[in-house]
């Protein structure tokens, strides 16, 4: 299986989107999408881990025997997660205070492991890097959208605290679209995550249907 | 007598008052009778007459064929017009081989079979043979050849002959009338059957909504110490064999077994009467009592009908059918079958002909299931119809089978009660048919496989034999050559004489 | 995908090599980030102390100048046996102390408060550190959601008088927010008890090391 | 004469149908509802109308989007029950938008997203109630003492309009806690139940509904009457209500006996909150409760137990709605495990053994 870069990018961002299509990585999806900023942060952290892991696995794939590949993959993902965890703690501390608890959970996220096994283990370094990056960005996209919807309806803001994540310039992104009292609180509570994620899956399928595409749905594996 | 509760069951609107006070009247013999060769479960009878033959009333027209089958006799005298395929009295509407008999209007009896004057002195086998000869089948609607059922005494230790006079189907009153008008014949027939079965006791069970029948039977049975008449609660499907057995004896028949396995054999009251006539009078089964009823029938009646009479003639005799008729049913409204046409014949199992209006059927388009659970509550078999239907709808027949769709007796309680008007029985019948077909297919495949394997083994054996033969031949040849070589030497002592 | 069957030691070696490699990489990263992370943790603490003790009034780092006192029984619920008292000094003189206090009686369990108190017993600031109150009702005690908690600044045990240290519904002077009485009641009670804790222990809190 | 032979029997059918069932339920609810509308006055009437209308609109919209026939869907009465129960489970003086949000979640999400009538896993009315309870705890826990129509305290038309439709109307001055909430609050202040129970309305007042609460939480006798009516009409069986109420009562009594300072008694648990409404009208919802009787018993016991646990230990004073939803999720499993015994078979599904010597 060898795909063009365009295909890889498109698959990662939309057509084979980890959350909206493969229903992978549901644990961070539910836990970390209370606001758009959280979703974005978690997504980016995951994307970095995925890109790095894909890259490493593709580099080492010829030296890893079939029997020990899974432990090695987990080792690689876990190491990358720890790098990100430490780095964030040291240099992006405010965001770390929000996401900290959940960064280690990236290890148990099925999506990185799935891409390692399905893609990086078979493909050369560069395509693997692209796949990891864009699968991660697709994940980021889904998490951000879910976060934005929950945030908007739940507490009436968009990208609250984005400055903590992206620096002071991001103040311009922070918006209040309605008074906080009007929010339907249930959406920023855990049930809201399921609700919005479910509705987005539906929305994606409807968009695909409307554009006459074949629906891809790769079973429901999740963590 | 102590009764036992049965599970579930419903109380449909019985509407028996339409005909319950209508005494049985005899239908004049129609000009032509149509006698299907299969009026019973099992193999069709095989004809003993040809087109053009003149026959007398009671003469054998077709004899039983195989272990489970029943004979057909001429209900009147006349000429065989044809033996041809005609629409069967079955919803499939498939053609079935039928004897057409033109009545000569004389209604002349053939030489009757000799009466058995003291049946209780006769061997059970003799009674059984007579019942078979008379072509009697279960007249409650199941149409299982009665003689076969009377043979159950041979393999089972039977205690009770349970005579089924429950008649739990709405509308039908034919059994009620038979019990009221021919109680003596019914009781006598029952005692003869009990004798044939080797069952020491006879219990006649009648639903409590037929008090006169109970009273009349009690009066007749008073002189018979081994005959009891019990009134059972009015509850559909009380007349189902296994449920009646449970209600009267408290014994629950295990799945896939017969009531005989718990010591009980159930026969219909009309069957008992037919047995009485066959044994005491030597008369074969030529007619039966049919309830013609329903809101679309001008004058509902109970009629003694010669077998083979067309339904249309029967309905005409009752003043015809009004335009409101929504459904024409053979049998009761719960378990009866819709008739494909009015030209089909009355057969041995036809207990009723109903012409029902929309108001009576109360049929509507089905709406979504609301999981009310009524079907579970009312199922007399302890099944979960809602779940079975869901499986069947999704074509998961194996799962439906696992939760018991084959234990369903198609009594219709669930469909009757369903507020969403979902045709549950229809689903179950479909599933049962499909599962049976798949089973047959599987068995056939297994058989084929076994045959193929046997064939291969045979080929292999043959090949082996051939090889061995060849080897032998070769050995023989070598021996012969050796012998020849030896013979070539003059002084050889032994010769190869192979 | 076909692959040759190799002896176990090959797998073991491969796995071992990867473990070793990543182990070293992780150790290096840990080494690099250790200092900044420690610094951040300190900053965090200072920030939360900074909310209850204004930065301008002291010149030390209160995080490093602490004494430990036995935790008052009230508030219970898994509170540590000792409370750490952070002390802010200016020119070596104590200008404020800060400590955590557990307010009991919250709707969803105890509420953790941080109190900053001047030597004269006046509140310099109070913040809720953590709580499990009903979202949308009780969470208005957070400074980020409502300014209610800042109203305590400047108050002390005598001001208002003891009988007024209650929510209005109970005859005191503090607002409850609409729909929720329990949470503010717990917080007000907690603050009052926290101040009492100071009153009885102030000398030990202030004593020189 | 058009004679059809399209299906197997039976060819007669009972008189009941879906809408008859649904409207019988509404009839059973009517006395309690009317009494409560009188008890809580015009704002309650407005709220009731808003809820019913919002649910009907949602139903029609969802059915139309799904390509169905909205008239037929509205006609079956199921959405009327959802709206009605929802209205009964809201505080009577709640603002209109609470009702609308609850209706949208109840009908569009809990019912139609799962496939419409008969397909939903969770009780729509309770989903609606829980969503607004979690989202708008202020509005959902502001109860008023009954102010019956035509009595001096009852709000005028203009006032009532302002209560339901006005923006920023504050109940602060008049709102009080329901008895369950009161007990819980007192407990959190350190006052034992044995003491605070003296301040809640008497059992008699609780019976006739003179205490603050959601509409359906009051007027126990009328709810009970409606429930008995449904049993008499064979719409519901006794299994769920009795097992639920008995469990709740037993738990209450038992723990009250063990520690009266911490736990309210069984009678109090029965009469307060939505115990009766839940037992007779909500837990018995056909679609979301098990179909077999033994499963229904387990279902009722589960609700009773969870209700007691939530009331006693959780963050909300009333737990019926949560308990019902939690048990709804278990319904398919209960149905699997508690199948009735098939005639002629053992519980395991094997044919019964034939009696050896008989």
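Couple of notes before you dig in:
Residue numbering begins at 1 within each chain, and the chains themselves are lettered A, B, C and D in the order written.
Just so we're on the same page, a contact is a pair of C-beta atoms (placed from the backbone, for glycine too) under 8 Å apart; a residue touches a chain by one contact, two chains touch by 3 or more.
These numbers come from a predicted model, not from an experiment.
A summary of chain positions shows that the Cα centroid lying nearest the centre of all protein Cα atoms is that of chain D.
Here the two chains linked by the largest count of contacting C-beta pairs are B-D. Chain centres computed from CA atoms place B at the largest separation from chain C.
Chain B and chain D have Cα centroids separated by 51 Å. With centres defined as mean CA coordinates, chain B is found 67 Å away from chain A. For the pair chain A and chain C, the distance between C-alpha centroids works out to 32 Å. Per-chain Cα centroids separate chain A from chain D by 40 Å. Shared interface positions of chain B, defined as residues touching 2 or more other chains, are absent.
Residues of chain A in contact with at least two other chains: 183, 185, 189. Of all residues in chain C, those touching 2 or more other chains are 135-136, listed in ascending order. Taken together, the chains touch in the following pairs: A-C, A-D, B-D, C-D. Considering their complex, residues 1, 3, 6, 10-11, 14-15, 18-19, 22, 25-26, 29-30, 32-33, 36-37, 40, 43-44, 135-136 of chain C touch chain A.
For chain D in complex with chain A, the residues that touch the partner chain are 101, 109, 113, 130-131, 134-137. On the side of chain A, the complex with chain D involves touching residues 183-187, 189, 191, 195, 198.
Listing the residues of chain D that touch chain C in their complex gives 134-139, 141-142, 170-172, 175, 185, 188-190, 315. Residues 1-5, 7-18, 20-21, 76, 78, 116-119, 237, 286-293, 296, 335, 339-345, 349, 351-355, 358 of chain D are the ones touching chain B in the complex.
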